[in-house]
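Two complexes come next, and they have one chain in common, chain A, joined by chain B in the first and chain C in the second.
Let's turn to the complex of A and B:
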């Protein structure tokens, strides 16, 4: 059990930036999960699988365009729509008949979806590792205040806040966003005033899954895309959403920052047990604030 | 009035199954004996979870951790120390129950989904430590080739040992559920506020139930080591825990024997669909969705609904007579 090497300011700074950019990916995925949780009250275990499908579709689009930089930009745009389409089909064909059921049953249902998606990905893309190459502008690294940071992580640091602003604009300024927020608080009342709640739910579900797919497409150049991705992210995503406050998108942001930063500082402090730090942080938060840091809609 | 007594008539099928299970090993090929033994171990795990999940409505989402703690405890004692085997066998469940007490003590402050999430994070902490601590737990390789003393080293003997322990555990679980404690637990499940109002200490009862359930999960862990002779960190991973929850829901979580049915279905599916295709989880997923749509109360729940009505009607009339007299 050896502790990390001596910690200097440069490595601290670069770990901070790496942790922040990791948090941005987590935020995009968790915001989707949290949105679905808030509006539909469904703990969607298949969210991680949709993230994985997003990454694999990004690979396919990228490969289709001859692994060029155009391919990369198109993959960022198209992969989330593939995921959104998949989720729309799943929602309209199966999910929409089950909203009256018990939460645990819905959990079971989404678990079944996770199993099915996992094997479908295996059938379509096979079990090999895939990778997406970032375009040349985003390759290499630059140095900020003496600490070097991969350019792609910097790109993530720009995209994350943009998504956050977009979501804020959507939920508080547009009519559909307001309706979905209202449905999260009191779905019967929304139905009473003549809005088709079923389609609101479908829209919220698809938007949440779209974000999962976007997260998957964004993460594609930084990891090797493989079959275990869904398992790796989904439990983290659930914990983040819980400590942030169920259904609260800003809570997802706070939770992601906590999770990403504790992990990257854990790598610095004690590499062997770095994985323990974020879980410990979650435990501490839940013990101090059992209902999450920000207001939960549940 | 007669709730505590066991109807002899209803014991018939159980006894018949028991006798069949007793004579099976010499007849069956080795592989099937092994699969049935796996079903026994998994059944005990699912039954222990259902004590809190189905009968207590406590969202114990990370039950696998206690199974793993039991298994690792006995594995570590058998490989790293020279203590006699039976100490390991007793220490496994006790360690699991201690972990259950510790984790449960934190978790019972919360309810429902929050309870489940806190448990997943606490359980994942234990998983992460086991997964990473190479020098002690073997890390992600686990511990293999755990020596089993002669009486248990043959498969048939292990089978009988597991069967006997399983039967004892089932009887004890049944008695617990029929005891005042079990009734209180179910009352808390159905209406926690009212229970609190009449002076039941809800949290203490839930914590007790968690400790009991984790103790039995520890026993299942020990039986796993007896059967497999190895342990690995996947035993503590959340996927297994969720699978065990699914077994309870699949079999019927409001019935006593449901989780065993669910466990048998899951193990059988994995084994036999796995022979024909590598995509057995796809098949399982489709079957699960069909079950959710058509059998919302689980297999056993559906069975009881179809078979029970006449019996239940009789019981109701009897209880009415009791009230009248």
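Let's turn to the complex of A and C:
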């Protein structure tokens, strides 16, 4: 066994910020997954595909506007709406007929959808790797605690909390948000008092998928956009919402922080086996709290 | 002479000529030559699978103008989905149901090794065109498996030779935690340590294949302050490594060597984001060598598919011509004669003459060592200051192969 280099405060600080910024992307994607799980009770395996479609759409918007920084900012705004539109069609055409089915059936259905979306992406965008260029203001890195931190990660550290505040405002201050929360707890009751549950569900589903698309658009400049992104994120996303508490958005935040930070500190501590740390954390959490850290709505 | 005698003589001469023609004409085969392709056409590796298929199609278009032994070469493809079990069952299906004469493929070393084991028992020739594991024609090599692609032994030695000339002492090794990553890292380090015994390995980092976020790894490596870093990565992780090296500022501060970093399939999508000054080794560039043979190949490919060929297309194109030439040399549609004919066969490839070495069935390919650089004529970075290492200099010797195979 060979441990990493002597760990100093500077490298701890930079790993903390890098880990937090990764956690922000995970949070945005997982909050959407958790929201759909909570309100609709659908374990949406195709959530990762919507994240991938978000990234590819971001590329298309970016390319359409001549790969400029305007293109980048527009891609952040438009790509999630493309995904929202796709999910609205999927919801009205397919999902809305299936809510009463058992979970295993839904799991199989969304799995099939993931394969279909994967092939559609290949047909539309092809198999080549794509890349989005961050605007010059977010390129390069700055020096913090004596070690370098990419500016884009700092940007993520600003966007993540903004999304969290927005979600908090939506779920606890707006009427539709409150109805969604109520539907998550008791959907019959919400129907009984005369609310059109079908459209509440559609809205909740589209919002959840919008977040997946936004996550995909945000991650686009940091990775090579390619087929297989869906598989990469979906397992992590399910683990995160499970340890956070199924259906609980704040659980998704806690889970993402655990996942992101154990990963980045693991890299520093034991770089050869860093892969293990987030998963070990998941095992520990599930041993101690099998239903997740925060209250699960299931 | 009577008229009758003349007629008889003419008829006899005609019959004799017909006999001579019948027994001395090139042997004809009645059915087309069937090639079975197993490769990955889904998921992230699809980009390489598609490129290889295009290269092979181009070779067949040229070959089938004249035909081989009076027949055409046909092919059937099967998608391995990058999975060993699927790849193996597809190979079995092609051999048993489609009765293919030759199997070719694939990008996955895992699939290649499994299929290689199968074809040894079935005695069907199998030509590997992308997978880079040195075990395919090294330790696990046998009579029926060939490789037209470069492998980790060649590339690792090329990297070792290149790095040994540099003044760096303290190294960090990082890469994809799978067969190729460990093989290429091990091969480069083994050769470097042999050529320059003073080098020291500070540490290693391994991430899972497809890991989207490499920044924590790179910031941690930078904090350790190595003299140089060897990245063992490929495919889409390569683009992620190059992006992260640029955004964290590592590329400007710490020298980096990565096999295939100079591949245009990686550098093109990165566009202006590609870091400059990264050392890379590659066995093919569409812009190098600047010879008529390569230019002709690139032009034909560009006209047919609208983009320049990548290294998989180059390998597959060569494979097509190796198959055609070997059947011509064998003179019959016979698997054993084909294997014998392919051993030591030389063909004219876009990079010059390439030999299929008889002792290990490995194509002798030159390796191009270069540094990523932005140039005005392309809107993406290319390999510059290219040094060509000849295949003979970077390949394991036949004795080393024998030792690896335990004979």
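As a convention for this text, the second predicted complex is superposed on the first by the 296 of 298 C-alpha atoms of A that agree within 3 Å, B and C clash if a C-alpha of one lies under 4 Å from a C-alpha of the other, contacts with A are read in each partner's own complex, and residues count from 1 in each chain.
As a working rule, a contact is a pair of C-beta atoms (placed from the backbone, for glycine too) under 8 Å apart; a residue touches a chain by one contact, two chains touch by 3 or more.
Small disclaimer: the values here were computed from a predicted structure and weren't measured.
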A:226 contacts which: chain B (first), chain C (second), both, neither? second
I'd like to know which partner A:246 touches here: chain B for first, chain C for second, both or neither. first
Contact-wise, after the overlay, does A:179 reach chain B, chain C, both or neither (first, second, both, neither)? neither
Determine, under the contact definition given at the top, whether A:39 touches first (chain B), second (chain C), both, or neither. neither
Does chain B (first) or chain C (second) touch A:272, or do both, or does neither? both
Which superposed partner A:211 touches (first chain B, second chain C, both, neither): neither
Please indicate which partner A:112 is in contact with in the superposed arrangement: first for chain B, second for chain C, both, or neither. first
With both complexes overlaid on chain A, does A:235 touch chain B (first), chain C (second), both or neither? first
Once the structures are superposed on A, label A:280 by its partner contacts, choosing first (chain B), second (chain C), both or neither. first
Contacts of chain A common to chain B and chain C in the A-superposed view 118-119, 122, 231, 272-273, 275
Chain A partner, complex, touching residues on chain C are 41-44, 46-47, 49-50, 174, 177, 202-208, 210-213, 215-217, 219-224, 236, 239-240, 243-244, 247-249, 265-266, 269-273
In the complex, chain A residues that touch chain B: 1, 43, 45, 94, 97-98, 101, 103-105, 107-109, 111-116, 118-120, 122-123, 231, 235, 238-239, 242, 246, 272-273, 275-276, 279-280, 282-283, 286-287, 290-291, 298
What residues of chain B sit close enough to touch chain A in their complex? 59, 106, 109-110, 112-114, 117-118, 120-122, 124-125, 128-129, 131-132, 135, 238-239, 242, 245-246, 249, 278-279, 281-282, 284-286, 288-289, 292-293, 296
Of chain A, residues touching chain C in the complex: 2, 4-5, 8, 10-11, 14-15, 18-19, 21-22, 67, 118-119, 122, 127-131, 133, 139-141, 147-153, 219, 222-224, 226-229, 231-233, 263-264, 267-268, 271-275
